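So that you can tell them apart, the chains are marked A, B and C in the order they are listed, and the count of residues begins at 1 in each.
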Amino acid sequence: MALTLSELARLVDGDIVRGELDLLVDGIASLDEAGASELSFLGNEKYRALYLVTRAGAVIVPRGVEEGPEGCALIAAENPSFAFGLAVKHFVASVERTFTPGIHPKAVVDDSAKLDPAKVRIHAGAVIMAGAEIGEGSEIGPNSVVGENAKVGRDCLLYANVSVRERCLVGDRVIIQPGAVIGSDGYGYELVEGRHVKVDQVGIVEIQNDVEVGANTTIDRARFGRTVIGEGTKIDNLVQIAHNVQIGKHCLVVSQAGIAGSARVQNYVVVAAQAGVGGHVTIGAKSVLAGRAGATADLEGGQTYSGMPARPFMEEQRSRALIRQLPKLVERVKALEKKTAPE
Amino acid sequence: MALTLSELARLVDGDIVRGELDLLVDGIASLDEAGASELSFLGNEKYRALYLVTRAGAVIVPRGVEEGPEGCALIAAENPSFAFGLAVKHFVASVERTFTPGIHPKAVVDDSAKLDPAKVRIHAGAVIMAGAEIGEGSEIGPNSVVGENAKVGRDCLLYANVSVRERCLVGDRVIIQPGAVIGSDGYGYELVEGRHVKVDQVGIVEIQNDVEVGANTTIDRARFGRTVIGEGTKIDNLVQIAHNVQIGKHCLVVSQAGIAGSARVQNYVVVAAQAGVGGHVTIGAKSVLAGRAGATADLEGGQTYSGMPARPFMEEQRSRALIRQLPKLVERVKALEKKTAPE
Amino acid sequence: MALTLSELARLVDGDIVRGELDLLVDGIASLDEAGASELSFLGNEKYRALYLVTRAGAVIVPRGVEEGPEGCALIAAENPSFAFGLAVKHFVASVERTFTPGIHPKAVVDDSAKLDPAKVRIHAGAVIMAGAEIGEGSEIGPNSVVGENAKVGRDCLLYANVSVRERCLVGDRVIIQPGAVIGSDGYGYELVEGRHVKVDQVGIVEIQNDVEVGANTTIDRARFGRTVIGEGTKIDNLVQIAHNVQIGKHCLVVSQAGIAGSARVQNYVVVAAQAGVGGHVTIGAKSVLAGRAGATADLEGGQTYSGMPARPFMEEQRSRALIRQLPKLVERVKALEKKTAPE
């Protein structure tokens, strides 16, 4: 549904810098794709060049920005990306997922499963096994599997082809993207007479409330006890969480990162893309592991680390700079050798 | 079906270097496994030792090679690997996938899905959701899911357990290996009062014609607009493509590489195994990111880059060489200190 | 079922260091979670602090340890982790998977599949395609797919959403965690007139006896011939094994590692997390690639390697130490320059 510029400004809690109050905006798009009736936003200085030539009808800009492409209305907001998100919510209501309860006739729900058919949605091909429990308002995607005695809380959304193995616990309002695996066996063997003998992995995974798990991410069950993903933590795609890991609350674990067995990641930690945390290592609260960093020992909280093995960010940066200057250092040593050589 | 050596030479557009014209060849195998009635090839100098002791009846070799194991027929070709591929095509016709249209009685096709049952093949357990469209000649593998209003073009091959989420677009002649996920939510949150609040990801993924997507690879939908995989691009297994990424035409993205949000990868780029491209970074056309390289800033086209952060290949190589020579440099400085010390 | 301390000691082949012989133990838990009737263990010196304050009723400790928390019974064992595993087996019998043969009415088994319905277990939604063979005692998880003419041996356990493609061979007692893909196409193309043309991948994957494959791991079929995973090898989650790779017997390949095309990994090799092995490279028997190591050339057996490119561990360690000392080296050169400068 189209909005006028003034309605838009109110919706996103922004101020009109310029533009006609009754300009009609009927959609959203990126700076380089938007047309005369569409809204875009400038969230990153990097896109200023695109911004200056956009054909968008209106753009949400950071406060302080006053110039822009000719004829383009401007709305200033504290956080243009967040403000734009509010506009997105309005315009995409039509594509938003709606919850319609019901069990698809081609879903397979065991007789002993605990769920209220009038209050959950189970898609075609989903398999809900013996003793499994699905809370009200939850949706289990097509061809997903919820194992024996596993428990999925309220208002969860499991997409297609997700596997939740036996006895694992998923809290409320948890989102699991397609193909993710919850509760695979931890990786543990004892070498006995030249053969790796499997160490039983009889624990579970506990995923607390408001967690999100990315596509094809794998979270192993504990050897015994629980692998825990703390409340509000968001995990990206293709991440590996090994057995007995404890991840705190409100962490971010970005794509292709790996957390080895029994590691502790405290609250509000950010593990960036392709980073790794070694086994039995503790990462202190509010620290940041930069992309590709490898934590091989305990790290104090509140700092940023990078490199492999991970070191405080500035230390690692200095190290990299010195390596780039190595050719010069070699030249200086050569000059000294010449100077001090016997004539 | 067996071929004579002369038929084989004609088939692969090669020249017989030695061997009886009517030698019968009835199969293909690697140099170390082939027997007296089988064809193999020498595609890489590394395998010369294996070649010299092969028991193959015939071997395709690069032009110029004239010696070989006793009693072994030789066919010279410009590109032995490519030539062998032609022979493979002949001998493996019996194991080649053939397209037989039909909807398996245990497939689940929504009444509103758009497809011609006489011209598509939908396997057991596949779920084609409301409004989804499957083009003629396309095959949807067992237990794969095509989401609401998603569109799969003509002559596509989706293997088992693939997930294509709602509204995503898959072009013509696209191959998707098992377990791949197309259209999972992009990874985006705003920190509001200590909690990560999900930023709606309402865009889609557009996969253009002749793309291949590897097993368990994940491609996130755009926040708004489209994540694009350009025509003819081939993506390997376990690759992560984040939201709003634009990959050009005819690129190669090798296993376990990751492309972060909003990155631009221009045409004919090679991103080698385990490499990474940072968010909002542009990789120029025809450049190569070596294995494990990490591109943290825009890179000009036409060059090869390696290291983390990625630098021009030769620069990075010199740097590595200097690091290997550090012990010597330390010795030289020690010697200078001795020499200049007051007696 | 509860055990007395003396029964426990016998079960785990340990010696009672202290504690009442008839103390009753009825469960297992970690040091920080165990209560007065539960058994825990001290397997890693790192947990000594937790051990000293545990409230466990009994703890299995390494031989030689004699002090412990007040009132806590101690059992000494050669390998406390292994001993604890024996206790785990006893206490978790109730949660152990039991094999109950049968084909779920919602499984899809092709008429030409070879299996004995009285001796296999096929879960709901599993698809067993034409000509596929499932050995006695094997279990195929919900929504898993076994492709045309593929063969799964005896006493295997495939969890949910696994894909085994056509003609692949899986040995006996193989465990495949959820979402793993066996037999996806190898990644091979020829550049012809500016387009990447697919090279047919007509070989298979052969998984030998007693192998375990982790969740969402991908193993590509050979171009021709076989990609081989040797007997007793254990592969973790999200690992990539490319086409024509030959992995020896009793190897460990840890999470997110990648093995490129035609690489040879000999017996008893350990490839640690996030490591990589380049194409056509051979890794000698009993060698260890440390976490994140990248093998770009053949490596001799029996050694430990680290870094990228991978070098002998001690060499790499010295290199890292020298890099950390670079700031001092620069200072020393500066001092020399001062000293030798003309006054």
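The rule we apply is simple: a contact is a pair of C-beta atoms (placed from the backbone, for glycine too) under 8 Å apart; a residue touches a chain by one contact, two chains touch by 3 or more.
These numbers come from a predicted model, not from an experiment.
**Q** More than half overlap in residue numbers between the two sides of the chain A-chain C interface, or less? Answer same or different.
**A** different
**Q** Can you grab the rotation angle between chain B and chain C? Superpose on CA, round to the nearest 5°.
**A** Rotation angle, to the nearest 5: 120 degrees.
**Q** Using mean C-alpha positions as chain centres, tell me how far chain A is from chain C in Å, no decimals.
**A** So the centroids are 25 Å from each other.
**Q** Name the residues of chain A that each touch 2 or more other chains.
**A** If we look for residues of chain A contacting two or more partner chains, we find 125, 143, 161, 179, 216, 238, 256, 274, 323, 329, 333, 336, 340.
**Q** Touching chain B in the complex: which residues of chain A?
**A** 28-30, 33, 44, 46, 79, 81-82, 85, 88-89, 92, 95-97, 104, 106, 123-125, 141-143, 159-161, 175, 177-179, 210, 212, 214-216, 232, 234, 236-238, 250, 252, 254-256, 273-274, 291-292, 320, 323-324, 326-327, 329-330, 333, 336-337, 340
**Q** Quick check: in the complex, which residue numbers of chain C touch chain B?
**A** 108, 125, 127, 129, 143-145, 147, 161, 163, 165-167, 179, 181, 184-185, 187, 189-190, 194-196, 198-200, 202, 216, 218, 220, 223-225, 238, 240, 242, 244, 256, 258, 260, 274, 276, 278, 280, 294, 296, 308-309, 318-319, 322-323, 329, 332-333, 336, 339-340
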